[in-house]
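Below you'll find the structures, each written out as structure tokens.
Shared between the two complexes below is subunit A, which pairs with subunit B and subunit C, respectively.
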Partner chain A sequence: MRDFAYLRADSVEAARNAAALPGAMLLAGGTTLVDLAKCGVAEPATVVDISHIEGLDAIDVSAERAVIGALARMSHVADHPQVKSHFPAVSEALWQAASAQLRNMATIGGNLMQRTRCPYFRDPQNFPACNKRAPGSGCSAIGGVTRGHAVLGVSEACIATYPGDLAIALVAFDAEADLGDRKLKVEDFFLAPGATAEREHDIRPGEVITAIEIPGSAAARRSTYLKVRDRQSYEFAAASAAVGLELEGDGRTIRDIRVALGGVATKPWRARAVEEALKGKPLDEEIVRKASELAMEGAVDHGANHYKIALAPRVIARAILKLGETA
Partner chain B sequence: MTVHEMKHAASDSARLEAVGGRLSRVDGPAKITGAAHYAFEQRLEGLTHAVLVGATIAAGKVTAIDTRAAETAPGVLAVLTPDTIMALKTASDWFGTPPPDRPYCPLAREVTFSGQHVAAVVAETFEQAVAAAALVKVWYDETPAIVDLSDGNAGDGIAIDAMTKEWGDAEAAFAEAPVRVCAAYNTPREFQVAMEPHGLIARWQGDQLTIWEPSQWLDGMARTYAEWFGIPFENVRLVSPYIGGGFGSKALALAHSAVAAAAARMLGRPVKLVLTRPQNFTSYGGRAATRQTVAIGADRQGKIQSIVHRGVNETAVDGMWVEPLGSVTSIMYATPNFSSKQNVVRVNTVVPGAKRAPGENPSAFGIECAIDELAYELGLDPLEIRLINYAERDPHAKKAWSTRQLREAFATGAEAFGWAKRSREPRSMRDGHQLVGWGVAAGTYPVRRAYGEAMVKLLSDGSAEVESSSIDMGQGTYTILAQTAAETLGVPVEKVSVKLGDSRLARAGVTGGSRLAGVMTGAVYKAAGQALDELIGLALSDPRSPFHGLQANTLVVKDGRIASPRGDGPELSVAELMGMLGCEKIEAKGDTVPASFTREQRYNNYTTIAMALPHTEGDYSRHSWCAHFVEVRVDEDFGTVRVSRVVSALDSGRLYNPKLAESQWKGGIIMGIGQALLEEGIVDRRHGRIVNGNLADYMLPTNADIPDIQTISVGIPDPHSSALGGKGVGELGIVGVAPAIANAVFHATGKRVRDLPITLEKLI
Partner chain C sequence: MTSQHIIDPPEDGHFRNGGNNQPSPTTLSIDLTINGETHSLDIEPRVTLLDALRERLALTGTKKGCDQGQCGACTVHVDGERVLACLTLAAQVEGRSITTIEGLADADGTLHAVQAAFLEQDAFQCGYCTPGQIMSAVACIREGHAGSDEDIREYMAGNLCRCGAYPHIVAAVRQAARELRS
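And now, the complex of A and B:
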């Protein structure tokens, strides 16, 4: 039996203390941890159950900002009226993630800690080499089945795709993660693999995500999340885009635009080159499509995932143009 | 049964409980409330748990297994390896071919596919067994593997001469035909993916073995267990009360079954072994990957002059599977010249197996896409070309169809779908960013017939019992046998209880090939008729009966009440009559087996597939038929395909229960949508290993992927196919769905995708 200690934290402070223990992992909704334990990836020495901490599931939304407690359920946030009106891309990203059963269990903090779906990462028994699991052991995915793997932010150590949806929207709208003693941009919270594929998040021992804060903006209010995948539900993105748009008074010139990509990169990927190319430009299909191509600068494919390089800009363009059609 | 009687029964179908009535599944409430206990949910005292260790290479030898750490792990009772598991005997195959006299070891020394079982751990708890299995260390001497059909070392394979079908001079006629199409069509390795995994509980009591295991074939599997352990067939009891989906995968006792039964024997305790979801992709075979080339030559009016068909399917290094790829090709269209040949190629995989409509399904993908291509080549409507080449009789067997309502299926389906409004040119229908396409394809499945038996009991309270070792894997056996018994006996359906899934009951052959309903309704009809005859005989002859001395040759029973046909005598309930007769119960075991059968022939009838009746036996060729009309929407930017409408018209003959038949058809159509757009076992070529062997990565359709599906029955009773006039239902629905979708995708986009599944990168 793989034994582990189980601790129930009743306060954030207790959770932080327990999280500092060697081999400690936090348990909230359990949809990631239990899954990874089953496939032999997660082998925690101590499971710190934070799901009973009171007050961490609050959802507080105004036009200025959204503060979402780490224990808020994905389904509650998705269905929150103010989230829908001030941050539609956030709600849409959540609704298109996972399944109803998982959304009812999974929490927002846990969602940020979701790991890649790389099949080689998830099968230690058959594929011992994985730089995420065992630093320096190599990457089984490179040279293997790569249809779902990343084309942006990849390294020789790792090409695993960041699988989530919510974080794409968070990165597009400059959200921050509250870690107690420090806050950092969600964009910086996620780390591209580089030579240290095992480090996926900028989180230190003893740190606990307590909330996500999303600043309000006109672009966030006029936003959408477009997810393209093989089937209509319950699948990770082949490519997705969180896009926000603010137009000048002429109703045509782009004042502010936010673009982030999912399903194609090793971390939630902000496409700033697309944003810069479109600011001040008219919302015109040809211009938008051309600018969207800039998102793929530096893209590297591994054969079967080549289609993502063509697909992702089309997803961005469609999302922007769709927003342009809305008043 | 005469045709007149059959018509009479059909006209009764307004009654829910009669054969032909839309009775809801009688096992439904037990299933949705959780009261239904599936085979390996039994709780036994002293139950132990086995977990398998799978090979991490695809080819080579096991050179050493270190079991020490596992053996000393908490709770471990035994670690089994090829060296330590008890010796078994080789069992006969499903044709009953006498096996070679050599031992059988279900744990491999010679590895021929990744995931093959090489060891097993038995422990007091499941968790202990899982943990200990991870401690078993296996060393291999790895050799190069042939991973799939496209492997450079795969070769052309073995010619299967029995699959060759030829008439006329097909190659010459094709070469001379003024209009020709020729293309290659590929289907990938697909899996059955039943919700309920494979697994079993095995318990020995002396030389008596009881197996609780989901099974499509209790008697066939019991025979295998008996032969493995060298015990009499009667000593094996298989129990399989409910099955959470089989789709062809649960008809055989497999290597993991042998491991559990051997472990139970060695330990003297019951053993439970359930495959993990990934193991369900490597412990038994799904549908073999196939390659077909279809060449059709036609005259300028669209009349086919020749069809040349070549097929290949993969099989295992140490097992043979032939997926009959010419089965639909050879009968769907009339042609004066025809040639179909097939090879199989050995690759390092678990031996492929049956998945819904094995053979017909990929066969239809080839010919039904090819005929569509011919239609566009000629500028003809895809429906029109099918009618131009309509086969008025079986072109291969040269016999009349028993019934073939395919013309009616085309007409009815086209009308309901609105096919006449189709725009001719590809890429000519659009809805915003969605390219809209319409496609049609036909499907067929042979009527597989066999002999069956059933026990019917009339009890003193007026209720009835039906007993059979056949099974219900969701298709509705419980329900239609209750309906058959109720109608035949004249008792209300709620007074009929049906017991299935226990090999101690009246014997039954395999539930596969869409044969069970036809076989078992016939057997129950016969047994119930015998029981009724006995009751009526007693009623007329026994001095204690109020009908004694009545000037009547027979009596009628309706709604559980018995009376004379003319209504001139007494009328009373069956229970009252049996009370007067002092009769506890009337039992009748009826069967449709020829009286001339020997004991051995009867045994083989239930434990092998060798005794099944050919569908072209006698004067007729017997098949179910269907036509699928589908609408797809393809995103012009993303290449994503969604099916937005399906109308299917199907001929399964007479339907014993239209509600259940429609569910089966729809299930097949949904499975076909998955096959067309999503399903593919993806192999890592370096390791010869399936990397998407789980329900997140092996894509199956979700509810959101499935549109409203309209199914229309166009069947008529077929007296040549079964006692009550039905033909096969379960497999028909999937046949032709994938080509209909592929044809619709071509109509939407102008792009012909001939490799399934049709994923977005093929259209982007």
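And now, the complex of A and C:
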């Protein structure tokens, strides 16, 4: 790991100033930055430690909305009683991510800045070509081993999968990221690769995520996060779905439904076609399964990841049907 | 250490250490509180807590398995919560209270309930993962995540055991959780 200067910011203002320095990167939990510095992917000139800023870890939840400070740790948010009752999919996405140790370290703001786990991206020594690391150098994954790679939102420049869980739930429930001078939808905060794979987040030098806001809703209250993976725990998703459901008074007709996908796309993926197809329809297995297929419109596989196109709709359908069984 | 101390980066934006036996331009003097004792260290910012413990303070009970946040062998407690020392910068935990496996037993050598349970249940073979397993288990029980075998498996998933001692590890955590509750 290349050495760097270490600065400690004790206010958001100080963090913003330091974050604007050339080559500066913010350190919160360290689970992404220290890891990537060891791989030789991140080479910060200056590491700005924001983990000592006081008051940025507050978790404030009501039925109307949740405001989660950027430095709140994943484990604390996952175990928060009001998060569990008003936003169960958020809690479930969090506790099914990583391990207990990593969840104690990783923060909510840092979680949004998590980078892809594409093995080619993480190995600059053996795979110099990576458009995310070195724009224009090519993509080692295309033509390589692609079992974990994305099928949605891919481009000719990059097929790296967005690996996180929390953001899938955030995108499903229209959460916003607070960057101080501006707020933006978490869905828009993440960028699909297109021709600029190196840009994963809509964040500018000197900007610091201070909080995440999630509006409350009936769908958020009746929600779940289903994660399917190669081993039962401590593993990234092969495919996952954050789903929220609100039924009409008849207990059968779908009034509101939210569907977002993880493990299969280059960014947290809202499946609006599935939502539109199901609104106003009865909660019926056949209808749900058919609508879930619509999530894969435009999917492109690269051989070994073909199975995701069959898997993801089943994960969505299972999550919706499971929610239907809980009153 | 003074907070917000801003050092100008060199022209090309990157600091390099070790040339001409010069000390790093970015050496930090920090105090770490480990198992109740304060240690003063001069370290480069990039030094992890794991390397500081093992290489500088001769606290080698905390193990280095993967050094990449994937195995749990380096688990220690910071302010009472389990974390991975290999992904924690030493500079970052200045002012926090750090507990390692060396600090778990009583001063008179009486083992912690989890240590005793690991012995009794024969919850290891080579023992390499064991300090991490034990530190993780102590926290797992304290968090209230050891109520069932299913919970224990889920919340101990961040500690890999290449010897496959898992059934005995689960038994040890179950036993210690029961003892600590009563």
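Here is the rule we use: the second predicted complex is superposed on the first by the 326 of 327 C-alpha atoms of A that agree within 3 Å, B and C clash if a C-alpha of one lies under 4 Å from a C-alpha of the other, contacts with A are read in each partner's own complex, and residues count from 1 in each chain.
We take it that contacts are C-beta pairs under 8 Å (C-beta built on N, C-alpha and C of every residue); 3 or more make two chains touch, one makes a residue touch a chain.
What you are looking at is a predicted structure, and each value in this text was computed from that prediction instead of being measured.
Enquirer: Considering only touches as defined above, state whether A:Arg147 meets subunit B (first), subunit C (second), both or neither.
Expert: Touch partner of A:Arg147: subunit B, not subunit C.
Enquirer: More residues of subunit A are touched by which partner: subunit B or subunit C?
Expert: On the superposition, C touches more of the residues of subunit A.
Enquirer: Taking the superposition on A as described, I'd like to know which of subunit B and subunit C A:Val67 touches: first, second, both or neither.
Expert: Neither subunit B nor subunit C is touched by A:Val67.
Enquirer: Could you say whether A:Ala100 touches subunit B, subunit C, both of them, or neither, answering first, second, both or neither?
Expert: In the superposed model, A:Ala100 contacts subunit C only, not subunit B.
Enquirer: Considering only the touch criterion stated at the top, classify A:Tyr234 as touching first (subunit B), second (subunit C), both, or neither.
Expert: It touches subunit B and subunit C both.
Enquirer: Is A:Val12 touching the first partner subunit B, the second partner subunit C, both, or neither of them?
Expert: In the superposition, A:Val12 contacts neither subunit B nor subunit C.
Enquirer: Where does A:Arg2 make contact in the superposed view: on subunit B (first), on subunit C (second), on both, or on neither?
Expert: both
Enquirer: Looking at A:Ala310 after the superposition, I want to know if it touches subunit B, subunit C, both of them or none. Which is it: first, second, both, neither?
Expert: So A:Ala310 only meets subunit B here.
Enquirer: Between subunit B and subunit C, whom does A:Ala37 touch in the aligned arrangement: first, second, both, or neither?
Expert: The answer is second: A:Ala37 touches subunit C but not subunit B.
Enquirer: Across the two complexes, find the residues of subunit A that touch subunit B and also touch subunit C.
Expert: The answer is residues 1-2, 232-234 of subunit A.
Enquirer: Which subunit A residues qualify as touching subunit B in the complex?
Expert: Residue positions touching the partner: 1-2, 40, 117, 119-120, 123, 125-127, 143-145, 147, 228-235, 238, 306-307, 310-311, 314-315, 317-318.
Enquirer: Within the complex, which stretch of subunit A touches subunit C?
Expert: 1-10, 14, 18, 21-23, 27, 30-31, 34-35, 37-39, 43, 45-47, 49, 51-52, 75, 79, 98-102, 104-105, 232-234
Enquirer: Give the list of subunit B residues in touch with subunit A in this complex.
Expert: Answer in residue numbers: 56, 73-75, 114, 127-128, 131, 134, 278, 433, 635, 637-640, 642, 677-678, 682-687, 689, 691-692, 696-697, 699, 701-705, 759-761, 764.
Enquirer: Quick check: in the complex, which residue numbers of subunit C touch subunit A?
Expert: Listed in rising order, the residues of subunit C that touch subunit A are 1, 3-7, 9, 13-17, 24-26, 28, 44-46, 48, 67-69, 72, 75, 81-84, 87-89, 91-92, 95, 136, 139-140, 143, 145, 153-159.
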